[in-house]
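Here the structure is laid out as structure tokens; the discussion comes afterwards.
Chain IDs A, B, C, D and E follow the sequence of writing; residue 1 opens each chain.
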Amino acid sequence: MSANLWFALVGAGLIALAAFTFFVQTHLLRRIFAFNIMGSGVFLIMVGMAQHLRQTDPVPQALVLTGIVVAVSATALALLIFRRFYALSAAVTLTQDNDTLGDSYEQEPRQ
Amino acid sequence: MMYLQIALICLGCFFFIVGTLGLLRFNDAYSRIHAITKADNLGLGLLVLGLLPSAVNAFQGIKLLLIWLLVLVASATASYLIAHYLKQQQEGDV
Amino acid sequence: MNLIPFLLVIPLAWALISLLLPRLPIGPIALLGMLVQSLATALLWRSVQLHGAERYAIGDWMAPLGITLVADGLTVTLLAITALIAMVCAFYALFYLRSHRHEARYFWPLFWFLLASLNGIWLAGDLFNLYVGLELVTFAAVGMVILSANRQTLAAGLRYLYMALLGSIGYLLGVALLYSAYGTLDMRQLAELIEPNWTTHVAMLSISLGLLVKTAIFPFHFWLPPAHGGALAPVSALLSALVVKSSFYILARLWLDVGADVLPVITAQGFGLIGACAIFYGGFKALQQDEIKMLVAYSTVAQLGYLMLVFPLAAGTAPEHSMLAWQGGMLHVLAHALAKSAMFLSVGTLVLAVGSKKIDALAGISTRIPLSLFAFGLAGVSLMGLPPSGGFNAKWLMLQSAIGSGQWHWVVVLSLGSLLTATYIFKVFRVSFDQQAIDSGKGLVKRAPWGMELSALFLAGLAIALGFAAALPVELLSLPEVESSLMEASQ
Amino acid sequence: MNLAFDVLLGIALLLCAAGVFYSRDLFRAVVMFIAFGLLLALVWVRLDAPDLALAEAAIGAGLTGVLMIDAVAHLSAKNAHHQGAQFDQTGARPQLWSRILPVFSAVIIFILLLGAIWWRPDAPVSLPDLVAESLPESGVEHPITAVLLNFRSYDTLLEIAVLLVAVVVAMALKPDTSEPEAGNSKDPILHGLSARLVPPMLVVGVYILWAGSYMPGGAFQGGAILAAALVFLKLAGFGIERLADSLLRIGLALGFIVFLTVATSVMIGGRPFLTYPESVAGELIFFIEAMLTFSIGLILFSLFSQAPPPVAPTSSLQGEQDER
Amino acid sequence: MNINFWLPLMVLATSLVSAIVIFIIPDERNILRGAFNLLAAIVKIAIVAGMIVGVYYQQEFETRFTLIGDIDFVLRADALSLLFAGLSSLLWLFTTIYAMGYLRGTPNRSRFFGFFSLCVASTMGIAMAGNLFTFLIFFEMLTLSTYPLVVHKGSKEALNSGRTYLIYTMAGGAVLLLGIAWLHSVVGAFDFAETGVLRDVDASFYPTLQIIFILLIAGLGVKAALVPLHGWLPKAMVAPAPVSALLHAVAVVKAGAFGIVRVIYNVYGVEFAASLQLLLPLAILASITIIYGSVQAIRQLDLKKRLAFSTVSQVSYIILGLALFGPIATVGGLVHLLHQGIMKVTLFFCAGLYAETIGVKKIADLSGAGQRMPLTSAAFTIGAFGMIGIPPTAGFVSKWYLGWGAMEAGAPWVLAVLLTSSALNAIYFLPIVHKLWFGKAPQQWPAEHIPFKRFETNPWLLWPAIITAAFSIGAGLLAAAGWSPLSWAELIAVREYLP
């Protein structure tokens, strides 16, 4: 039960938790949190499992580094679009039911 | 030498605990900031002192001190900014 | 001087040019870039046709350590289709963007990044490299969807981005598990090492779920219609024809080429089942739409269902039937790419000319904008799988494979599916022949620029020509690289 | 003894993540998220991955945190407290489905992953030995930088392209009719601190870039610190984001241009794509890394500064007109 | 790659090229479009005639290139294909003339004639298809090109009837595709052979071959308007007269019947089909359609609807002839394919003439039309007599051979069916003829568009009707002559049966 394996399990726990939140929460920002934490969980599994009972492996670490940078650009992109969407529609969630082009957001009374 | 280090580190941790206790117990925001910055800086200083003897070479020791210095400056400015923001908030509301 | 890297360098270089020098005349630059790109693709096509598949180690580091690019028959065909459709969409966009000033500024850099990442995915032979390629495709695609920054497209872009990110997380999780289990990221080495155990099954399941989300197959399809329906016409053409296929290509490569003997029959039949649901669900929803672009977007959801039928037909059946299914599936990728991009481009012209996205606003256009409607019709013929078209040949091959391997339920799905497609295609035609609307002269119709009508017609013509000249791509599709894995897989 | 610390750290990480999801107030969620990032940096140290610790702290916790705080600050008061903590009452989903299915699927995911992790077969191919073996030819001592910039440099090339696309979309989203955002009030103390603090930050950034070739560090971490310095300047009121648009564009793409030109120019000598000639590999890699650090710094900063303003500019929005 | 390779393709190309050109010509340019149409029709007839002579002297005309895998695109002109090709190219010429006169001044003429030539291209393709795959390509192309013609008027009613037409033909196409795909997976790629291909398939496949035969006949039956699948034909009468004349008398309906001929003779081989007991149920179905068609025709009040139902029953004569196992019945069926085409076109032309000149659509107010339009009524009477099978006309020849073939095939009940149907034909045609000549003309015709100048109506419309009427008599009287349709049908029948 080396540290690597434990952290891989913690990663799995993070993924499960984040997946649960992704289904339940509809607030767009909270979903960005969920997506980030799920990413960190996957990175933990990648490094943890690769180094379990083996020498420290630079390849998954390099991949995770690339992953972190990609994750930050994804978060930045999501935040950008969200803020522009919020500026236009003052809505914080995307309603799933009507996916026609008409009214696809939860209209909030403008303050 | 070992015992001195352990003593210093325990003392540092004690101050950390006191600071956190202060954070939880005090009622208004200003005193809470006060508690945190003061206690933690002192705690960190003791911790660094405790670790200095086991530093591999002088260069690493200087780096430890630099870290302490940076934290000092940063927490000072941070607490000032938070207090400033809170004051503006209260003036804004009242 | 091998050609493979140039297919990546050219689009990336042109992306930089169009990003850094916006004042240069965009049109000629873009077309020049596309010509060079198509020339390189054609040369690569020729060399692969003559000497068979090529493997290219980047940085001269051998397989497990470095990244290898693989150019076999299927890759080259997909590269050719991408270059072709991208060129026509670029030509179309030159005219289309004249009336969309705001979007034109950042369209071209995103267009080139999209093209570069698509080429990267077709060529990639390394799992993590595919992940970065997928991310690049998604970001460029989301960027292009939200170019016209209004409420609908932003909401659609957000929903697209969130689902795509979830999908790539699933894919990355699978790659992480596979790497920890087999120690290598190279697909060919993985194909030799892979054997069914718990980790592999969970990894392949998570990769499949991730890629299904990105290919918008039935249960995860709801992000596609607003995104493809709301975007600019050339953008939705590129997205529907190529971007959605890139994740399907990876799924097909992983299941049928790399993990052929790990694919349990129930999973393959499961894929077929959700494919069938996609066909019927997409068809019914397309029938109910009153906006033309949403109708075409839902038709994409339905047509993607056909692609999923490749798995049950190719896995666990006799070698010649699985080869037929593989050829049929990949030919459907080509035919649908051509037909759908032609349809989106012609719809773009019609919407621009008529001024509204509603279907009943298109009443009586058969007399005023006949060329675009004719292109829409030809593309419809290929989508419906009526004989002289590429779509028909793909359906024919899949029917042969289904009948040969005795899976009658897929035969029924295939035939009912194309009938359903016919219903919503002819719904549009019924409106366009409506004489009352012509007599009552509903609103004047702006003359659409010739470039737009011709590009749509060219692609539609190609979709029909694929019906006659299907032998060339199909023979190239089933090069030894693919054949060998399918053959020993199904022994 | 170490295992106890690791277990504690793992549990703290999980609690922190739960805290992020279930704190009622969004601002509190962001603070928890930053704490999560720092804890994760500690975990990377425990997993013997110092590079990742640096990157996680600088980019994961630092920059993402900054972006999040900026976004949350712009939400209106009511939205900041958007419930979402418990099961979503406002969601349109039927009661049963929204309560049982997520729990069920989360548990399934966890069990599957548990099995996958537990019964993992031992890997026939061992990449670390291959890396160690061909490390001398890579021109760099530190294995991770070797993998990133030599063995799998094509991944890094695409990754920079990903960053660039994110910036291009940011620029595309910025409404061209927006009046420049009101400069932050020039706070004397912050101003003074930043004037003294930014130079050492730049020195540290360059040091980390330089150290990357023989110990943990490198382009991304250096770039992140550079970005932090620039963000610090912007917050302290130095109006630096008004760099000319084209200058900003060139600055952003510089790293990518250098990387691409080096990658293709090596091909002239008949070598395959992205093969650095043996003799000059180290210098070439460092040159690319330096340019990359500069570009990444600028990109990460402009992702922060290019964010669209909270309120739609008064002038009718470009998007609306197009939608006839 | 000599001329024989290109001739079949040339026939197709003439109408495809003219279709594209006509689509581009703006509506007003009548003369240019008319010239193009006639030129294309004449060139087509010349090539077909050339091929007929060639086939008579045992020459081979074939265009072949591979499509996909082992399937290739084959256009071959053999005796049977030229029978249908000759019929449709000849009648196409007259119908084009008729349509030019009929549609003068109406909107969307270019669109109409464009799709009109696409239709003739697909009919030619169907006639000359060398294997089932090519046949299917043109079969579906025919559906696509006829839909715009059916909905040409653009009225609500036309659009609805277009939709029903599509539902029937699309479903038929899907079933046909299923049959062909299944047959291909069982037997592999094959071309039409003079005496059928499936004889040497091993016995275990017989039940599958029977099911495939049912699928093929159902798919083709939709277009051949067999009883349960004929619903679309009466509704399609809403189309303009030249469309209903040509499509629902010659192109679409005959394509279905021609397909059934191909399946029975060139795919299964008539002996093999008989041995599988497939022909008898087909004959029964055909007879039911004949009786049902005639009964329905009697109930119709509208002239074109009555003619439509009579087409339903007449086409089943052909299928009846094919389904009887014997060379003479085959000759009867094949020659009826030709004769029925000529006679029905005449009747539809006359119906169109009545509607155009004196605005008469209902049978009731046709009385006295003979005085007003003697020539049209004469043509109508000849057509009607042909339908009933009165001696001098072509109809009599084909019914005679059918009866004789039935006796020879030992199926006397078929003779009874023929007699009752002829009687029914008489019941629904003779009252019209009587009303035409002996009815009392009303003072004012409902809508007299074209005044009585030198001729009773627009010459463009009149002459095609008269020529086709002359042909129907000629085919009857000169049946024994060398070049008559009858001798050509005998030539085909001889080759179809095993020596």
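The definition used in the following text is that a contact is a pair of C-beta atoms (placed from the backbone, for glycine too) under 8 Å apart; a residue touches a chain by one contact, two chains touch by 3 or more.
Which protein is which chain? UniProt says A = Multisubunit sodium/proton antiporter MrpC subunit; B = Multisubunit sodium/proton antiporter MrpG subunit; C = Hydrogenase 4 subunit B; D = Multisubunit sodium/proton antiporter MrpB subunit; E = Multicomponent Na+:H+ antiporter subunit D.
Fair warning: this is a prediction, and the values are worked out from it, not measured in the lab.
Student: Could you split the other chains into touching-connected groups, assuming chain C (Hydrogenase 4 subunit B) is not there?
Tutor: Excluding chain C (Hydrogenase 4 subunit B) but keeping the rest fixed, the chains that touch end up grouped as A, B, D | E.
Student: Touching both chain A and chain C (Hydrogenase 4 subunit B), which chains are there?
Tutor: Per touch definition, common to chain A and chain C (Hydrogenase 4 subunit B): D.
Student: Could you work out how many touching-chain steps separate chain B from chain C (Hydrogenase 4 subunit B) at minimum?
Tutor: The least step count works out to 2.
Student: Relative to chain C (Hydrogenase 4 subunit B), which chain has the most distant C-alpha mean position?
Tutor: In terms of C-alpha centroids, the chain at the greatest distance from chain C (Hydrogenase 4 subunit B) is B.
Student: Taking each chain's centre as the mean of its CA atoms, which one is most distant from chain D?
Tutor: Centre of mass proxy via C-alpha means gives E as farthest from chain D.
Student: What is the identifier of the chain with the smallest separation between its Cα mean and the overall Cα mean?
Tutor: Of all chains shown, the one whose C-alpha centre lies nearest the global C-alpha mean is C.
Student: When the contacting C-beta pairs are counted for C-D and for C-E, which pair yields the higher total?
Tutor: Most contacts of the two pairs: C-D.
Student: Could you give the separation in Å between the centres of chain B and chain D, each centre being the mean of its C-alpha atoms?
Tutor: 28
Student: Just the number, please: Cα centre separation of chain A and chain E in whole Å.
Tutor: Distance between chain centres, rounded to whole Å: 66 Å.
Student: Report the inter-chain centroid distance for chain D and chain E in whole angstrom, where each centroid is the mean of the CA atoms.
Tutor: 73
Student: From the mean C-alpha coordinate of chain A to that of chain D, what's the distance rounded to whole Å?
Tutor: 13
Student: When you check chain A against every other chain, which residues touch at least two of them?
Tutor: As it turns out, chain A has residues touching two or more other chains at 15, 43, 45, 49, 52, 59, 63, 66, 70, 73-74, 77, 81-82, 84, 88, 96.
Student: Touching pairs of chains, which are they?
Tutor: Listed in label order, the chain pairs in contact are A-C, A-D, B-D, C-D, C-E.
Student: Please name which positions on chain A make contact with chain C (Hydrogenase 4 subunit B) in the complex.
Tutor: The contact residues of chain A facing chain C (Hydrogenase 4 subunit B) are 15, 22, 28, 31, 35, 38-39, 42-43, 45-46, 49-50, 52, 59-60, 63, 66-67, 70, 73-74, 77-78, 81-82, 84-85, 88-89, 94, 96, 99-101, 104-105.
Student: Which residues, counting only chain B, touch chain D once they are in their complex?
Tutor: 73, 77, 80-81, 84
Student: Of all residues in chain C (Hydrogenase 4 subunit B), which touch chain D in the complex?
Tutor: Its residues touching chain D are 1-2, 4-5, 8-9, 12-13, 15-16, 19-20, 56-61, 64-67, 100, 102-103, 105-106, 109-110, 113, 116-117, 120, 128-129, 132-133, 135-136, 139-140, 142-143, 146-153, 173, 177, 180-184, 189, 193, 197-199, 202-203, 205, 355-356.
Student: Note which residues of chain E are touching chain C (Hydrogenase 4 subunit B) in the complex, please.
Tutor: Touching chain C (Hydrogenase 4 subunit B): residues 23, 66-69, 73, 107-108, 111, 136-141, 144, 147-148, 151-156, 158-159, 162-163, 166, 170-171, 173-174, 177-178, 181-182, 184-185 of chain E.
Student: Taking the touch rule as given, give the residues of chain D at its contact with chain B in the complex, in rising order.
Tutor: It comes out as residues 187, 189-190, 193, 197.
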